[in-house]
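In the two assemblies presented below, chain A is common to both, partnered first by chain B and then by chain C.
After this line comes the complex of A and B, so read on.
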């Protein structure tokens, strides 16, 4: 009998804390990309609402809450984060398991905004980028998805293979911000 | 000389620093310049070209003369303006461009040859012989001329970059900027206030003005405290806004820790990209020198700089100060000095109607026409209106030719400033930078009162544009003296009169340019190099073009000005590219097997952003070839394992998925049965080959496409383009799953035995025939199994969710090693595929067609596809084309090299005789010979012929036999196992 051992993308590099920011890995969970079939956008949104409690997110938005979120990740694409997708969704969407494709980290603390300002060329001020807002953008040189999940916390998705660089870049920025205090 | 108790520096906190090794002391709050002057150090630098002794000219970031080097070794920082560098304990500054020392600079001999070394001299003199310019003249000239030098070593210091966003960006924190920031800050707008200085307040800190009944500097400090207390205002001292760009984007350089001995993890500098909805430019003005003969001696400085040193730093730059001016403003210098008890020798004013002095003599209608003192000013001579010349003993001359508004940022989007006859200066053109308004001195409003008013009004207008309600600020009471000036640019007389102190350009040089018909201001600039030094002409542009206007008999307005470009101050490339040093250049993509491969000693090579193992050295192996040969034999003989996760994987779903694939692939996929895999070739729209790979049909409406590692991104983009633009009507969805799956090739005669030991399902020729695929369960984990081969062996690729990748890799290796197999790397993978004639992007490099690689028939005749029509153009197939062939050496020389060219035996190996070229080579341990894949004209018809391979670069000539590119097992018996 063989046994395979699971390893998380950031595997042991996290959590780290510097000054007023803390970076931790979000425990591996189910990630499913949802792409509505032709003409099924509304039906998918309704099915999503009744099955998982959130509508299909508009561009640059995330719906749902901790434990079950849908995050817009591209044209006609959302990522269902958390729940095992309801089988009924398959009638309205192409679903793909992405649970292992992304490194998931949470950056939080009073300095989190300032840390991301070192790496992300997007306006993430609280007044502009509110809870439930999401963006596909660059973090230093890598493509990421960033969602504000609370006043002082961001949920970041990056390619699994780039987890090392993700942690390195974020930690460098965290240290730089912390040193300014 | 320090004046006890005066100034805003902290007299209670002494700071020790050194200049050229000499230990000196200043106070907390001093710049290097003020501390040097306090220690009576006047000679600070040598000039660029003539090595003239130079002192300190100004007190701001525009400083033209006092450039020094800070630190030593890899971190040495050249051309630091002493006026900007704050002192700290242990600061070590050095003079530059002098040898052996600042005091005895041998190259000051250049100064004696000055009559010959004027502008244009080098171009005219060192013309002949031509080759000598690059090899001899230029290096010699460059060595004798110059300013500071970089260390030439890699500097690992930490730089940072950052992004910021705001409603209103206020550039400059003098009276105008502070008032603008205060107005907008109190209204609740998001404000960023940047100022170059460590102490905010601008001229308020350098003057003795009262503002609202208190000292101007106190008002500034109080205002800054209020701004800092507002949560919506970000105050950024030591931050120079360096450029204005499209859509309200500004660059800004923050000097984070140049001013402290211990950085404690802080970056040295941070380069900001600030996006502002509106901006107020309150950059102030720069006082201009007057060009009179020998106006560059240490001790000659601008009048406002003298006031700054006196009032802000409590330093008198001289003991007997003379003032030379053409305006009322400079008379303040005399008043402040007298009030502070410093002797004023005279005020020499070029205007006949100059105001009277109070406690000092004013010599009206006179001009300073010369100076004395080699390493420090000793006397100046002046000429009265009647032509008589007198001399006055003095150790400091405070000169003022008026003020130039700091219009630079308004020119960054190609705007040219307007000439304002009333103040004899250029002023910004409104709207030159969309969303930016210039106020205060940089807008030509020179009184403190006008600065306050304009700052407040501009902020209100900006807030109005943004729909933010604001109360009108009460403008504090302050001076509102008129600006009285009569133009004076250059004083005639014997001796050189300097315009551009940094590049050693004189009045005579500019006149020479005009004489040689370089009459356009742009030509004059290039001819003389005026304005091309680190200060970018901040101190000299206006005066230089006034001299040019005079020399060409035109007005200043007609002559015009050259433009200003970013950056406003010098910016280290390390700051622009912060985070990009070393491996920060690009993200690193690691496979799940990375750590294990490294642990096994595999050298990792880059494949795009990925890192892949080159080979896995075994005990006793000393060269890569030994490891590679062993790994090839291992795959051919038993079983090998290789991580192939880097190949692009695209999940394609939808009822029209088959139809979509038929359109993007040259061959047909809609006929593929579920549970089967097919090789596919993709063409670009121009008919050439784009990429290849295999695509598996998982279910009726579900495919998984693989791409090459290198083209994964390109193919994904292409598919999106085709779907969104060419066939949006098809119901198909695609998404990358490259990162989701860890995939390993298991290749070799024992591959099935290995897999049957770990996969729950029974694998045989029936359940998994060649090109079959299906689910596979490993230790309860749902995976996928594909029977495909890139080695020509009986082989599989097994995929599991990436979290199990490392674990599966270790398991596969453990099992393989027990069977006499093991891991193989990229080198072996390459040999295996060359032996089988399989192509990579070395072959499909963008200039080959399907026919060239022998796959012409793969372009289906039964359907249309992208690139099909274009591939049918004449000249893209047939015997004129260079076609894929195999090469084997037949002569004494056995070496085949990639990139070599092919020639008919006996033909001269020149370009016009070339018959083709070699794309991939290897040594085949299986066939025990070198092998090559090559493109040869009409190659398919020439199997069996002999050809000569010539590598001109490496000097290799090899006789080769042309053969089929499939060297091994052409019938494919091995893959079918």
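After this line comes the complex of A and C, so read on.
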């Protein structure tokens, strides 16, 4: 019998640290996309709150906390990160298991904002992009979801097939920012 | 050029994909006749000035957006979710 070995999306490339920024992989967990059925937005939000303790996020926002988050990832769509989805949610939303389809990384440190400023065409400074804020945008030429999870830390979701490029682009920018200190 | 996505806010034009004239939302009735369908499919104005077209927020929220813009100045005058525009058309308002 073949022994299958689970490999993480960023497979041994992380963590890395350059200057005042550190990039680490977030261990794969349960990822479920939630798409509220027509007219069921409020009911889904309530079901999500009673089952997992967070409401359905508004556009450009994320709800929940470490271990169980709901991140807005597009028009009429959020990603539940962490918990096994409660079966009751299915009455109000189309749910798709997306575990293993994404790479998840955490970029943190005093220089994290400057690193992202080199790659992302959206203003992610603390003054306008606070904890709980989230964007769907591009990192270089790659579609990503970026969420601020603390004053100095960002949670980034990218397609798993692009994990190598994600790490390379982020690390190149981290080195560049560190070199200018 | 920067386009204001009704959901995401103002974003770089690179995040969007151009889909064509917003007349695509005004699909004629299947029985409307050859003339209406020919016009719908093939006849487009090419104005030096204000135009209205569809953009897809490809690298963002994946919404279809109706963008009213000026082809001469590149000014973006108005943006609206295609979904809303379509609902207005169906309900008979302009």
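Just so it is clear, the second predicted complex is superposed on the first by the 178 of 181 C-alpha atoms of A that agree within 3 Å, B and C clash if a C-alpha of one lies under 4 Å from a C-alpha of the other, contacts with A are read in each partner's own complex, and residues count from 1 in each chain.
In this text, a contact is a pair of C-beta atoms (placed from the backbone, for glycine too) under 8 Å apart; a residue touches a chain by one contact, two chains touch by 3 or more.
Note that the coordinates shown come from a computational prediction; the quantities given were computed from them, not determined experimentally.
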Please work out whether A:121 is in contact with chain B alone, chain C alone, both, or neither, and reply first, second, both or neither.
both
Where does A:1 make contact in the superposed view: on chain B (first), on chain C (second), on both, or on neither?
first
Go through the superposed model and pick first if A:28 touches only chain B, second if only chain C, both, or neither.
first
Scan A:60 for contacts with chain B and chain C and give back first, second, both or neither.
second
For chain A, which side has the bigger count of touched residues, chain B or chain C?
B
Would you check which partner chain A:136 touches, where first means chain B only, second means chain C only, and both and neither mean what they say?
second
For A:97, using the defined touch cut-off, is the partner it touches chain B, chain C, both, or neither? Pick first, second, both or neither.
first
Considering only touches as defined above, state whether A:172 meets chain B (first), chain C (second), both or neither.
first
Following superposition on chain A, which residues of chain A contact chain B and also contact chain C?
75, 77, 121-122
How about chain A: which of its residues touch chain C in the complex?
59-60, 74-75, 77, 121-122, 135-138, 143
Chain B partner, complex, touching residues on chain A are 1-9, 28, 33, 35, 37-38, 75-77, 93-94, 96-102, 117-123, 125, 127-128, 140-142, 159-166, 169, 172-173, 175-176, 178-180
Residues of chain C that touch chain A when the two form their complex
7-9, 11-12, 14-15, 58-63
Considering the complex alone, what residue numbers of chain B touch chain A?
158, 160-165, 190, 256, 263-267, 273, 275, 579, 584, 586-592, 609-610, 651, 653-654, 724, 731, 733, 735-742, 758, 778-781, 800-808, 811
